[in-house]
Structures are given as structure tokens and as C-alpha cells.
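Notes follow once the structure below has been shown.
Per-chain residue numbering starts at 1, and chain names A, B, C and D are given in the order in which the chains are listed.
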């Protein structure tokens, strides 16, 4: 689960990491009030950033500087309500603009291959790290944290020396890098990223200019499996940005991703679901979704899955492919029959059920006059043909 | 012979008194698996599966009383890491974790300790393994198998069933079929299983089933190219048409170093001498073409 | 560093372990007030326990039950001011007397041989665990905690089943056993002991009798090396019970233990200090102390050590044995000369200094007319002879 | 040959720019030890010991530039665990930790990781090791040694010097002298060192110096009885007259299972074929009696 920048910053701050102040505003008025506060406190400018979970908000015009109340109002007006990659901006983060001396990248991820938390640092901060990785892989320094001990001081120092962040900032960097991993461990995150981590110029209480290392942006992706033991984190889920279908899918514990095609798919198992999509494509069709109903699905779950598929107006045919193991074929068949009984619109459906209780399922489906298929290849072809017929008729 | 599970398997079922555990334990016993014990803390002294299997409070008691050497877990996600560690620390050498939904950072710690103890963990979130005619451990339907000499390894559950059923329907039997699970952190990967198959005198060919994401299939291909040059090898990769970037974050994409696409995996496998199927149903024909009789 | 029962209970409670309430009283009046409170709250009796760091307070009469205000006063009067193994009781712990169903032993120690934290549990609680170990070693169940993971649930369960503490109390026990190890880890303790851990009968809010598992006594020994990073724990040091010599020794970073003999010893290194004591005994004398001045001691430390030795009126001769490595012989010699210049009483001293700068030391000592010795054996013999001469004269 | 340190030692000194580190590094270099690098984070690029030794920010840099294979630590207690882990993780195979005052629970974690990496840690709170005429690592005064073939292992510092000086005065030389440290949790114990001596062709006899407390000497005696039966063996135990119970808590006494007294240790050593000296000065005579020429 991705969380918003402001929430990510809050988690970093809870771990003791240095994050400059910020406010979240849901209206132009709130944004202006927040901006006025920072400007009155002595900030020469404020930054106003769209809070969306998709990347590329900067390029899309979702990040603006403002040097006055009026500029802040203009910027907030421009950003709130804009659309970034299909997501409507409903809130902005407002904070004092930083006087940046140098930017770095610092991120921690769960690396499958090495089975380690890998911490990465680069002297090229503030830019897309994939770009850096492609252009100059040696510009990214990596340290694998010990699975039981976390990141050691010496590893953090090695990263610091690697990116040339030594001298007076060495100690700060060590604390931040270790805190990054602690943030990951304490919140069951898959990814914690600070980009940019920056040396900024600030004025201390005596009015002297001082430099310190701070997190100017933050990105955290939480492990869904860890959420049950962090009830507070579930509250950070941003329903504003979620498709109603995603919310429905989550409620029913379905793994669902909407796609652009016309063939709705319902399958048990992620690998088989992807294979089903591949075969739809191979038969000349386009899948409308990825949908894994998981193992042991009961009739009500099948019915919910069917509602999700039918809620997509693009869907012109449905392919159900179930290989029963834990999942019982007759349960699935009953769910399908139940769902069709109450559905609003007629969509051709091809059903293939094999494995556990496939015979009972077959009998039920025949009685209910469902179109069936024996093999996956056959099912895919029939579904594509059915969609074409509908599409042609439409 | 076979790998990981077989006639020598003496299985202890963790969570045997739960709904899932009891159901699948019965299936395994019906298949002929030698279930010697169950473990449910607090229910020691009871008997499960119609009185045929003693239940213990601890793994230590189960091993002491029955000589159990293999564990399979049907316990909740919150309890599974502890159960895996109990099993390996007490001396179980092979552990299958069927449980899904275990936080990845828990598994990070668990696999580290499993390694320390020199044990093998398959999973979590995996369907288990079956050596047809000998034993099945996990949840793979027993009916799809046929005894034979093709080793099957897969990240998926039902996709594996599909492939195995196709082989069985075509008269091609299996030595052992293993689902390793698709979670971010797993105990045994494709390469680990290939190494076991390479040592197994009764495995004459292999089928590798993979998915997009990560680099496990590429790594396995590289290993097989070097160590299994003369073994017939067939593969299938799911997700050729799946849209990219639906799960991976920035840093993940970097780590995987550009690999992870279906195309990259297919190329790597083909370069390593695998015949790569376009659909699971093609697998039997490719096995024949690769020399399997 | 040993800490008092009340402080140990506080550390356990901070870790979330169930510990019944208590009060610490430094006067009879305070003790009576505390007792009245518990009696008024419905406790049928209170227990009053001497707070001393030495064992065996129960046998010494330092633990008493009281069923009324008057009994509490009598008990507090009896315990406060009494002497237990040479320690004057200056405070008592007052708490409600528990209705004990069954007692257990639970302890965690740092085991040198296995390099593990070992958790031990026994169904024979409330008695000296060494007695149990001698009588029936199999009555003690042990689990070694993973050095990086702590005690696992399954290990705690194994201990619980081992001591027959199952059923409704299993979960409580698991939390307590894990908390015991956490207490150790979070406070850098060498030992954390709950004896007895007890199932007690209590009344819940509705007046129903319920059973729960609680820590009735607690003992914690902290690792001195860990104290610098737990500033709050240093405050738990009980200066009431410390010999002024111990306090002085700690200030100067000297390792000092007072003994019963007449030969004061000053040595660098613990092994050599013990060997020096052995040789004093072998020569027919009795060492008055163990004193290790450590490596690299300077003149002022040597002078402090000399003051410590001379503060013991029993001392009739002093043996200084220094093998210079990091420690420079001339520094030690200077410290000895400095110390003798200001000391109150004349005590014969035999000095042996070898190793680094031994020649310079020899010259200094000769000039100051110290008696010297070439070998350790010779030094011991000379010191014993000198003490005999003094003792004979006295 | 010799054990742990010798002509092949390429030493990196952690904390070489500190007062202690610089002093002892100079002593070691004067003795002939091959000091190839120093490490002080933040002082990389400087040179130490009159410009003869480059200083690096990290152990990785030091190894890369100089091929260092042995570490010695003169760093504060709060930094030492991290330095040990840096050394072993980066590939150093032998680490001497001179630092004292490290919390025992830190060492518990450190020794676990050292073991994982297959490295050897001597100490903490130890005087180090000297192979006379070859190299010295630590703080043992170089002047007390004489080249020879007796291996010395001890928990103590100055007591070892006493014993070694007595041997040298009597014309008996040493192959390697090792102080393992007296802290509760140490990386290398008496038995570990005996195993190394048993493999060393240039060590013909051993001297074991112990103290009261724990069971390390008893364990070493048992090992020596089985594996070093024909090797001349002399021992000394300090603390015969020390009062009991001044440090050990209840539980500690249980764990040590009644052993740990000087009498128990002496008996165990004598039963294992050691000649046990009553004073350090007796050691040379006992070595002669045991057959050392």
C-alpha cells in the first residue's frame, strides 16, 4: 500500500528523522493560511505540492513555488483539482521552500533475490533514481542490512563516504540511514525512500546560517501482509485515490487490476490468471482485468468478483477459469449462477471448471445453460469470439 | 527416489486440529503420506484423523515420540514464523509453509535462521510438493499426478496443476512436483530445486514454470545451462501480456536491473537450452520433442 | 550492579509484566501508612519485606506478614534497622499479601559457555534455585534465546509445558517469559529473576475470584559495562548499602574487594591480583583485599588505591606488584611516593615493579627508600614477614 | 609457523589516530609487525606512524588498497562492536579486540555474526597475541618474549606476562602467546586456541593459564586429554584463595553446575595430563619436567 508524502514524512519523523515542517491543505483557503504562516515565520517562499500517489507530479505541474500570499493562492488554485495521470488532486502539501545546498538520494527496499533489506544512496538526488541506474549504475551505492541487526553504523558511513557526504554531516547521515531502515522495520514497509535528501541552509536561533541534512520528500510503500499488525497504518490508506472497484475488491479479498480490454477474466491463482490473460491475447482478444479470486473461494466471493467485472462497461464477454484444488468447482458454479440471477446486463460468459468437484460444477452449469469449455485454450477462443460478436453487434 | 518428499517422509502437521489443517492432513493421508504427528500447542494428548495421528504440544515432543523429519504448516500468518523456527530449531530438516499473508520482513528473519540451522524451507504461501505414488505434502490435488521421471518446479499453484494435468493427460509422469510460492521472500527458489533435481537419479527431465517479476527464472536458467546441459528442459512463463509496473516501486525496478519481463525470461531460458511453451498445454509436446519418452 | 527488589519490579512493569502493587517505606510511619492503604483496599494482609541486596532475608526475619495496622507497625519496627548479613535495613517494601495457588521459578541469565541468554523455569518456585539444581537438575527447564531474536514464543511455550503451567495461563506465561528476556535486553542485565512467579487468586471488578500469573519477587543484576548507555539505571545504585571504600574505588575506576587479612595488595590486572593473593597465602599470610588498578594507571590512581588500602585498619603490610605493559612502572612509583608523603600511618610496604620503565621505577623507589623485591614470590614472603613483625609488635 | 599472527599478518589498526591506538601501533611496528593500514572514519587520506601507514575511512578501502587480513581494535567501547562487524563483514578473518568495557549483550550479538562469517575474534578486553620474532598484535610487551616452541594461552594480561617472562628467563621460548580476555562473552576460548596449537607444527608444548569462574578451563582440559595426549602440558590457575560468590548470581552458579572453583579446575587439568604450577615461576621447571628442552 502506497501512502501519501505527508504520511510518509510523519512516519520518518516518528523515527526521529529530520523533516522540515509541512501542512496538508484540502482547499485553497487552507493552503493560503498555511502559506501565510510559513511566510510570516521568515520563509522567503513556500512550496506547494500535489498529494497524489502516482509519480511524475513535478513534470505534470503539480509542484509550485510561491513567494507571497497571492502566489500561494494562484498555485493552490492551479494544483487543487488538476488531474495527474488520471488522478484528481484533492489535497496539497504546503511547506517552507528549502535553501538547498546539495541533493542526494537515499532509499531502502526489500530485495527478493538477496533476501535482504538493501539501502541505496546516490549523490544524484532529486531525479528519478531509475534514470540514474540506467545512465550510471556505479553512481548508486548499496549496502545490504543484516536481516536481524538492521543497518550498521559502518554501513551507513560507507554509503556516506561513497556519495561524498562526509565531514560535519557524517553523523547526521548515519542516523538518517539507520532511521530509514528502522522506519521500514517498525512499519513493515517494502520501500522507504527519501528523494531528495538534502543539505539545506537554515538560520539558527541566533540568526546564523547553518547547514543540516533533511528529508525534503518521502515515499513509503507498506507491505499489505504487515498491515494487520499495524492498525494505525491502515488509516493512512488514501481512499480518495482509489477506484471504487479497488475498494470493493479489497473488501472481498480479491486481487483485482483493471485493464483496457473487453474480456473480463475470473481465475483462481495469480499465475493461472496471468496465463489466462496471455491466452486471451493469443486468441486475438484483450483482457479487461486481472482477477484472482484466491484459494478456497466460496459462492459469495465469486458473486462479488462477478459484480466487479460487470461494473466495467467495456466488458463484452467473461471468461471464468477455475482449476479446483482448495477451491471447489461446485461452489464457484453456484456463485456464478447466483450472480447472473441478479445482474443488470447480459454478457456472454464462457466457463471452464476442472479439478475438485468439477463434475458437480459441470452439471450445475449445464442446468443453468452456461457456455462451458474443456480446456483453457478453448475457453479463451470462445470468449474472444463471443466478445467479437457483441462488439460487432454494438 | 524423488526430492524433498517421498517414502522416507515422516510428516508432522502443524495446525492439524484447525479446519484447513485437518482437511488437508486427511487428503495427504489418503494419498498415502506417512503422517506421524500433529502439533497444536495446548492440544497435546489428543488424536487427529480418526484417532490415527497423535497430537503434541511441541515439535520437540513430536520428534521425540515419532521421529518426524518433515513439517507442513497450516497455521495462521501471525503464528507461522514462530512455527517454522520451532521446527528447524528442534531439528526438522524440511519445512513446507502453506500459510499465506506472512509479512515479508518476518520471512527475512526466518530464512536467515533456517539457513543457520542448515534446514530447508519451501514457501511460504506455496502449494507444497508431491512425489507421485509416494507422498504429497501440502495442498496440490493428488488426482492430477502420474508417476514418472519429470521434475516440475513452479512459483504458482493452480498454474502448476494445469501444467501437471496436461502432462498426466499426455501420459508423461512426474518424479516430484514442487510449488515454491510467489511471496517476495521465499525459502527455496527455482535454482535450489533444480540443484536437487540434478542430483536425483529418478528425475530425467525438468519443467520450470515461472512468472514475470524478479530474476529467479533467469538465475535458474543460467544455472541449468551450466549444470543440466544434457537434461531435457521445458519452461513456461506466465504474464507475457501483463502490464508493467503494477507492483514494483522505483527501487525495486532498479534492483531487478531491467530483468523481470516475460520476454527477458523467455530469452534467458531459450538461451539456456529450455524449450519454452506458449501455453501450458504445449508443455507435453515440447517434453516429447526434448526427448522425453 | 545489583538493584533493589522494588527497582527490579519497576523495570519488569515497564516491560509490561504483571507485578502486583507495592510501596517503598523508609520509616515505620511510611510503612504503616502504606499498609493501611492496602488493607483499606480489601487486602486481608500485607507483606513487609526488607530491601537489602544480600540474599537470605527471609530466613533472617526480614519478611513478615501483617493483618492489621498494629501488626504492620510491629513488623516494620522489627525489620527497619535490623542487620542482615552485616547490612542495616534502611527501607522496606510494603504490598498486599498474595493469595498464592502455586509458585514457580523463572529466570534469565547470560551464559558464558554457550554464549546465549538462557531462560530457566522450574515448578519448584519460591525456594533457592541452587537447592533445586543440586537436588534434582531435571526439575529445571532451560531454553537458550537466539542472540539476535530473543526468546521465541515456542520456546516460552516449551518452558510452560515443561513446568506444567498450561491451560488458561499459557498465554500469560509466554508474555512474561518473553518480557523477562526483553527486560534483560533493554536494560543490559546479566540476570533477571522472578522467584516466585505465582498463580494467585484475586477478585475482579465484579467480585468474582479469578486466577492470574504475577511476579511476586524480582531480582535484577545489571551489566556494569552497559550502565553508561542507560543513565537512568545508574540512579538505581543503592549507596545506602555500599561501603565507602566501594564508592571510592568506583570513582577512581579501581576493582576493589575488601577481605579479612592483614596484607594489603595493589596489583595491575585481575589474574595477577588473584595470583598475588594466592602467593601471600602460600607464604603464610592473609590478603586484606583484592585490588586491580587496571591497565595504564597514572600516579593519581595509584595514590587513590593506596588510600583505599590504608583506610582498612587491619592492614599491617602492603604488597605492590606491578608488571608494566601499558602501565608505566615510573608512574606507579611516583604515585606510591606521593601517597606515602601524605599518609596518616606508617605501614611497611614491599614493592615489585617489572616491565615497562621498571628501571626508572627502581631508581625512584631506591631514592625514596622503599623496600623492593625482584620476584613475586620474594615480594610475597617479604610482605608476610613485615606484617608478622608489625603484628608481633602490636 | 605460529598461530593467529605471524609473518603473513597484514594488519589494519582501527583507531590508529587515537592516543592508545597510535602508541601501540608504534610498538607493534617497532616489533616488526607488518602494519599495512589504519582506519579512522573521517580521517581517510591521512598517514600515521610518521607517514608510513595510510589511514582509511572504511575497512573496505583498507582491504582494497593494502590486502589487510587482520584487524586490531583500539576504539572506544561504544564503537567497538560496530568495528568488529565491519571488519568481519568486509572479509577480515582474524580480529583482535583490545577494547574493554563492551556490554556483554553487544558481544553476544557480535560473536554470533562473527561465527556466521567464519571469522575469528580474539577478545574483547584482551592483550592480543605475539608470535615472538614474527609479529605482535595487541599490547603485550615485546620484551618479555623469546622465540621457541611453547604455545601459551591465557585469560589474563599481566599474569601472562609474568608467566612468559619466567619462561624467557629460563631460556624457554614461545611459538605464540595469546591472551583471550576475561570478559563474560569472548570470541575465542581456551579450547579454540588449543585446537589451533594442535595443528601448528611449530608448537611442541603448551601452557594454559586460567582463572576461577566458568568452566572454560575444564572444557579445555577435556579436549586436551583427548587430542593432545602426547604434548607436554603445563597449567596455572589464579584465584585458589579468592573468596567465592563475589560476582556470580544464583542463576550463574547453576549454569556453571558446581564447577568454576580453582580446586575443580586443577583436578580437571591434572586428570587431563597437565602439570599444574603453584606459582607462575614454577612453570619453566614443570615444562622441563614435561619434556621441553
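Assume contacts are C-beta pairs under 8 Å (C-beta built on N, C-alpha and C of every residue); 3 or more make two chains touch, one makes a residue touch a chain.
For clarity, every value in this text was computed on a predicted model and none was experimentally measured.
Identification of common neighbours of subunit C and subunit D yields A. Common neighbours of subunit A and subunit D under the contact rule above are C.
Interface comparison, A-B against B-C: more C-beta pairs in contact at A-B.
Our note on geometry: subunit A versus subunit B, Cα centroid distance of 29 Å, whole angstroms.
Our note on geometry: subunit B versus subunit C, Cα centroid distance of 54 Å, whole angstroms. For the pair subunit B and subunit D, the distance between mean C-alpha positions equals 47 Å.
In subunit D, the positions touching at least two other chains are 109. Shared contact sites, meaning residues of subunit C that touch two or more other chains, fall at 148-149.
An unclassified topology is adopted by the chain contact network, corresponding to no line, ring, star or complete arrangement. Annotation, chain-chain contacts: A-B, A-C, A-D, B-C, C-D (touch as defined at the top). Residues of subunit D touching subunit A in their complex: 41-42, 44, 57-60, 79, 82-83, 85-86, 89, 109, 113.
Those residues of subunit C that touch subunit B in the shared complex are 146, 149, 152-155, 157-158, 161, 166-167, 170.
Partner subunit C is touched in their complex by these residues of subunit A: 148-149.
Interface residues of subunit D facing subunit C in the complex, by the touch rule stated above, are 77-78, 101-105, 108-109, 111-112, 127, 139-141, 143-144, 154-162, 165, 182, 184-185, 209, 211-212, 214-216, 219, 236, 238-243, 246, 249-258, 278-281.
Of all residues in subunit A, only 55, 107-113, 115-118, 120, 128-130, 133-134, 140, 147-148, 184-185, 188, 190-191, 193, 219, 221, 223, 225-226, 228-229, 257, 259, 267-272, 274-275, 277-282, 287, 290, 295, 323-326, 354-356, 375-377 touch subunit B in the complex they form.
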